[in-house]
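Below is one structure, written out as structure tokens; comments come after it.
Every chain is named by a letter (A, B, C, D, E and F) in the order it is written, and numbering of its residues begins at 1.
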């Protein structure tokens, strides 16, 4: 697994913009669960969503979809 | 993961034609969810569907199927 | 991901024979959905099933099983 | 994806013995479905189960478990 | 896929100790099924659980979790 | 599969801090199951959660999310 993020990808850049703008995102997992919060960081293996001050680590292999929310 | 899309693949080219033609597509995820909208972009990791002006990022690993709709 | 199909594999050759013979196939996805139609094309990333004239693209990672039907 | 099967692996050899002995096997898929029949062939991408004379192709990524039956 | 097991990994060594000690293990699959028995062998592609004398082959991609039981 | 953990990744470092601090974590699997305990070890293939003194091995491919608990 690469150690660096592919910063050239639109998907990586979109997540970085959500982080920079502290945008609230709604993340859907393959389990059907939804996690809502702000993106703390992303790496080649996981993303981390800050949910009311607590970090929730999500494995990329379990990610289904993500969208910004109006919150 | 490759940084470039495999533009030689029929699947990549079909998605590019849907984008160019702003065709409304119905995307089925492995979660059973369906996302309907127009394809904004695709990269080796994700595709992005524009759903009523809001981008929904979908991880390729969570994609099940896609078809054009008559809308 | 390879750009070429592994045409030496029995699985690739079987799908090619279904295509050549325009055999109606029943494709089961990991979602539990079933898609019935004729195989239009296959590439290393996806297969495409023609369902009553409309192409349905299915990601290989979402394929569970496939069998010919007597139709 | 390798073009050859890893014939040195115990799992590959067990499936080859089931084939040789025309043993009826019960294959469980990640969908929860069960396919019962005799193994026709295996390649790095799929296995093929003969179910009452009809080939059912199963993608390895969708395989959960397999066991012989007393049939 | 590697032909050799990564014997340096704690996970590989733990499974090898279960095998050596003929410990009864409870294996959970991504399907939600549970298989209970003793580990017969493991290879880079599968593990094999002996369930009342019959081998059940489980693909690693379908493994969720494993724990020893007091049996 | 790499034999070493990518210790440079934020996700690896976060799990190592949970281990060092013997923090109780709540691990969600793709099956929907939840495992609660303290992280015993992690390797490129699995993580191991100590649940009331018993090790539960979880395959990384089955991991969905993880968060610390106030316990």
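One rule holds in what follows: contacts are C-beta pairs under 8 Å (C-beta built on N, C-alpha and C of every residue); 3 or more make two chains touch, one makes a residue touch a chain.
The model shown is predicted, which means the values in this text are computed figures rather than measured ones.
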{"item": "Path length in steps (a step moves to a chain that is touched) from chain A to chain E", "value": "2"}
{"item": "Turn needed to bring chain D onto chain E - CA fit, degrees, nearest 5", "value": "60"}
{"item": "Self-contact between copies chain C and chain D, residue sets same or different by half", "value": "different"}
{"item": "Inter-centroid spacing, chain F versus chain A (mean Cα positions, whole Å)", "value": "19"}
{"item": "Centre-of-Cα separation between chain F and chain D, whole angstrom", "value": "33"}
{"item": "Of all residues in chain D, the ones touching two or more other chains", "value": "29-32, 61"}
{"item": "Chain contact graph, described as a line, ring, star, complete graph or other shape", "value": "ring"}
{"item": "Ring of chains, enumerated from chain A in the sense that reaches chain F first", "value": "A, F, E, D, C, B"}
{"item": "Complex contacts: residues of chain D adjacent to chain C", "value": "1, 3, 29-33, 35, 41, 43-46, 48, 51, 54-59, 61-62"}
{"item": "Residue ranges of chain C in contact with chain D within the complex", "value": "2, 6, 8-12, 14-15, 28-32, 60-61, 63-68"}
